[in-house]
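The same subunit A turns up in both complexes below, where it pairs with subunit B and then with subunit C.
This part shows the complex of A and B:
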């Protein structure tokens, strides 16, 4: 119950103001097709430098929460998911809107988001301290495997092909080895003076997530969205309330599957909505109505998306293994303030940790309130022309990267990685595994070397890394996730097929 | 059949071999730790070689590439960005940003009035954002010695 002591801190004028800005801004950014939540959060990081750590995190956390929920607005009204996570929402939500029930769909999605989101954050509140204690039992070999797990799980489950997912993870790990190695201090792979201090994570994140989207806007040119915005008519909120809470099955399935998926390091929210949609369709007594504007579909998908947000921070805050690409970006935001997640965070900076977590809880409620009243408006604001958007994003990317340490080198790194990522995406690679590789690389390597030092002093390296229940469990999960995805790929029954990936991208640009 | 995946797979293998070779060149420290700074990169290189080999042997369907005209626009945009980076110091923030933002928006939507307005709005808006939001105090609005 430690978290209760820090609730007051959320409501100081500055903190609450930042929470409001993050929430409203996040809703608008999330509703904007072409701005993915991960990119929005990455572009926000440079603005948190001058804030206190807790304040910066409040802003980033609020933006994370509400961009995910805001993505439902364009999914429902434009049939363009604001983020890949909202794909499942379009299935029933857009059909509803076409039938003239856009307001109902929006209200259902925001209420379901709030229920899922609050549950997810509560899970975060109660699981994190327990896991943080438990995490103390993790030795170097376990942390090494956990870092590898983070890269392989997202690599194998979240890209168009297993090999390409793993390879992008590898490329990320390569990039991470540039610069000085943490333990020995040896200089490695410094091929240009811009990277003499290693690749700075913030410019890398900005480049990898923002630049490919800007380039896609150029490549597509004038062909702007021809989707029409469906108008929203009035719908009593009371009815929506009653409907959400009478659909307990969809709500429960969505919330639970979202939470569980969020907890798995690396899987993240991309598939949470789809899995929840699939499951509640299977279990529903009215499964034939799914896809025809059925409320259960919207409720399951959106409660899952937001239930994922809280739990995806659990592995981040306890083991510093981000649970989703956006959580990886948040890790970047923590590290620039010199705070390392894990027991260090809860023992030495409890005020930062708990103020942040509590603000996420309050943020869910605020998101719901603002969502219910301004969602229709947000969709209109969100119709920013691509031409303006491209220039704004590019400007934010350049100066955001520059401001990290006032160096042009970081800007070059950002541009080079971003342009490279655009071409990699054409080949079917995705940015998420690469980013996790880049962030987890130093963690993996430092633990690998520490582990082998311990091993040399005590037993053999093989014995240290490959025996013991925890090591074996982690290795099993790594192997199983790769094997499962490879098997699914051979049977071509993946949640993310290549066509989906292309579709996703088109939807995003 | 020559697929871009096969070519890319080969490139990956070559890059990975170069990476391994360069890792082998690393000086081990005098502490002479057997694992040291080398072994992790070498392991990574091996995994990448394997992934590249799978791409060569079992390529995916052909990737879709943008139209040549789009690539031309892209090239113009990149040149504009590089020129922009060099123009910032001598010319201040507002003028180069106006030109660059106007040009970029022209490449996407060629409507002159709109592009000029976008250029003006963005150069002023972004200046305020960067100067006060990001706290870049060194940012100069107009060239030095222009009365400001």
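This part shows the complex of A and C:
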């Protein structure tokens, strides 16, 4: 209960002011496409040079929590996931916004984020020593099986057809091989200097999700003015509360899978949302409604990606190993003040450590309050005429892709992938499995190579990858996941003809 | 209107010619940008931000330096850009990592070599160290080598990747001890390699001194040896490899510093080479670097030129066998 003693420190005028600035600033940065949580935190580091250690960390921690949640705003309203964590949010959230229920989607997402986020930080407070061991338990073979588990999700993520889902997943896996390979440094498919660093996930995300939509809007021209007649439904916050807490299944699955996956160094945030979405879809009694603007989808995805925030800091704070890019940036923020994470942090600087953790707890609540406040206003975005909207989205897409690495090459990649995706969507393929392939490819590959190198030096590949409780558990889940998809496929054959795809497209836009 | 345009054009012309004729005495006249070929928050980026924070002072350059990150492919993306596209006008600086970029240019497939860049000054030197988990049975480098001799090719140890300082250190150890080892490159850099050691996925690892020092403070690892010519101020109790009987020099030490593209006017190079090292000596910079556990090693342009040439020689010999 040591953390309670330091709660007062969060509410000193300066600390609380910084917390407010970090939260509001983080929401705005998070809502801007391309500004991922990692980059938002990195941008703020220079401002912490002159602050006290605890104050600097409050600012960084608040920015981290609220950028993750803020990413939902552009995901829902513009269909541009700001970071990989928000991919799953677009699937149902954007559909809701198109039906005029943007306010409801945003309210649900902020409430679910707060529930997940608070749970994650509580885990960080109470279970840190236990969790640290769990984070270390995942070696190369386990991460490989985890990535394979992610691949099995691909098939069921696309609601129209398993085969098309798998095909677009394969395109993603291929795109992931472009560039210098992570371990050996071999050059693969580098046909132009802009892809020599590989396909960066964020420009790819922006292109794949936003550009097809922009082209569709332009293609419609001024013929249909439906955007202007769309009425944005007002949605009382009270109802949102009731809805979030009545969807206990989605909320529980999202929060738990987010916390568990967030803990694993190197995989965490990117796939937590998608795995939670897929799991709650499989377990839901209304699984056919997913993808059509169903509230469970938004709740599961958003509770998962914020639940990941607290546990993702466990390896950093206890073992001094940054488990995610954002944690690596936070490490820089600590080092600049001469504080080393690990036992040193909790023994010698408990005021810094606990004030930081407490402020993340308070930050989650503040984030939720501000989020709910702007939800109603922000949802009016749906009333913007198509022509204007298309221009704004295109501008944000270019800005977001460029800002990731200050590179025009990323903008070309974004435009090329986006244009390609427009045609793929015409044939019933969807972007989410493709992105998942792009994210999981390098994880599976690098861990397989590392694992087999270790295996060849010590035992045999078969023994290294197929023995041990954790390996076997993961393999069992993989097999179960494939079997479940196959069974569902046989029970209700799902396939889409071109006409269906166009019909669906027209119904949506 | 035409008159206005003409006047503006004239003005612009006089301004540019003025700047050209005026030589470089007034350099720098606008803020300078420094390219870091690793991501925001990494060790190189973190240190680059600290050592350039006083650039705007009157006794330094008088103009701030802004950091631009161009990460990707172990630094290759940023250095390719710097060698081929960066303007050689003195307003575009770059951070270098030795031995990384020289080893990569020897390996091939990149558009740069040591001749594509002009060094300005060196700010830091982070030696590689050999780490094992805190509960490991190894207590000295000879324990490690004895194990490797008894089990050839089975001593697994991690490092940040291929063709980086850690890999060079691993090759040197194999050569000096005359044993076959299993070097496991990690795709998550030094942090990932350290995690593999602490979690017991591998028996040992080569890592950065600064990161290993922190991990030892946290009680997670033992440090068995330093791949450098002398013991380090941060770890006075850890002997060098040479002291333990292995003929290993400082070829794997990760030197970090500032460079400009080839073709930058000589007067500008001279001016930067004169001012930049004094900027690194600033007390505030030294204090922040020490607090972060980052060893400083300031070298002038001439010393860096010599170091680059020596490094290229050693690396060509070491990597010839690969």
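Just so we're on the same page, the second predicted complex is superposed on the first by the 269 of 509 C-alpha atoms of A that agree within 3 Å, B and C clash if a C-alpha of one lies under 4 Å from a C-alpha of the other, contacts with A are read in each partner's own complex, and residues count from 1 in each chain.
The definition used in the following text is that a contact is a pair of C-beta atoms (placed from the backbone, for glycine too) under 8 Å apart; a residue touches a chain by one contact, two chains touch by 3 or more.
Note that this is a predicted model, so its numbers are computed, not measured.
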Partner chain(s) touched by A:46 [first = subunit B, second = subunit C, both, neither]: both
First (subunit B), second (subunit C), both or neither touched by A:9: neither
First (subunit B), second (subunit C), both or neither touched by A:453: both
Which superposed partner A:410 touches (first subunit B, second subunit C, both, neither): neither
Partner chain in contact with A:218 - subunit B first, subunit C second, else both or neither: first
First, second, both or neither for A:426, with subunit B first and subunit C second: first
First, second, both or neither for A:163, with subunit B first and subunit C second: first
Common interface residues of subunit A - those touching subunit B in one complex and subunit C in the other: 46, 49, 183-185, 406, 453, 456
Footprint of subunit C on subunit A - complex, ascending: 38-39, 41-42, 45-46, 49, 136-137, 139-140, 179-180, 182-185, 187, 193, 196-198, 200, 265-266, 315, 319-322, 325, 328-332, 335-338, 340-344, 405-407, 442, 446, 450, 453-454, 456-458
Of all residues in subunit A, those that touch subunit B in their complex: 46-47, 49-50, 160-161, 163-164, 166-167, 170-171, 173-174, 177, 181, 183-186, 188-189, 215, 217-222, 224, 385-388, 390-392, 394-396, 398-400, 402-403, 406, 408, 411, 415, 419, 426-428, 444-445, 448-449, 452-453, 456, 461, 498, 502
Complex interface listing, subunit C residues touching subunit A: 39-42, 45-46, 49-50, 53, 68-74, 76-77, 80-81, 104, 107, 109, 153-156, 161-163, 182, 184-188, 191-192, 194-196, 198-202, 214-215, 217-220, 288, 290-293
Subunit B residues within the subunit A interface of the complex: 4-5, 8, 12, 19, 22-23, 26-29, 31, 33-37, 39-41, 44, 47-48, 51-52, 54-55, 58, 60-61, 63-67, 69-71, 73-74, 77-78, 81, 85, 97, 100-101, 104-110, 114-115, 118, 121-122, 126, 129-130, 133-136, 138
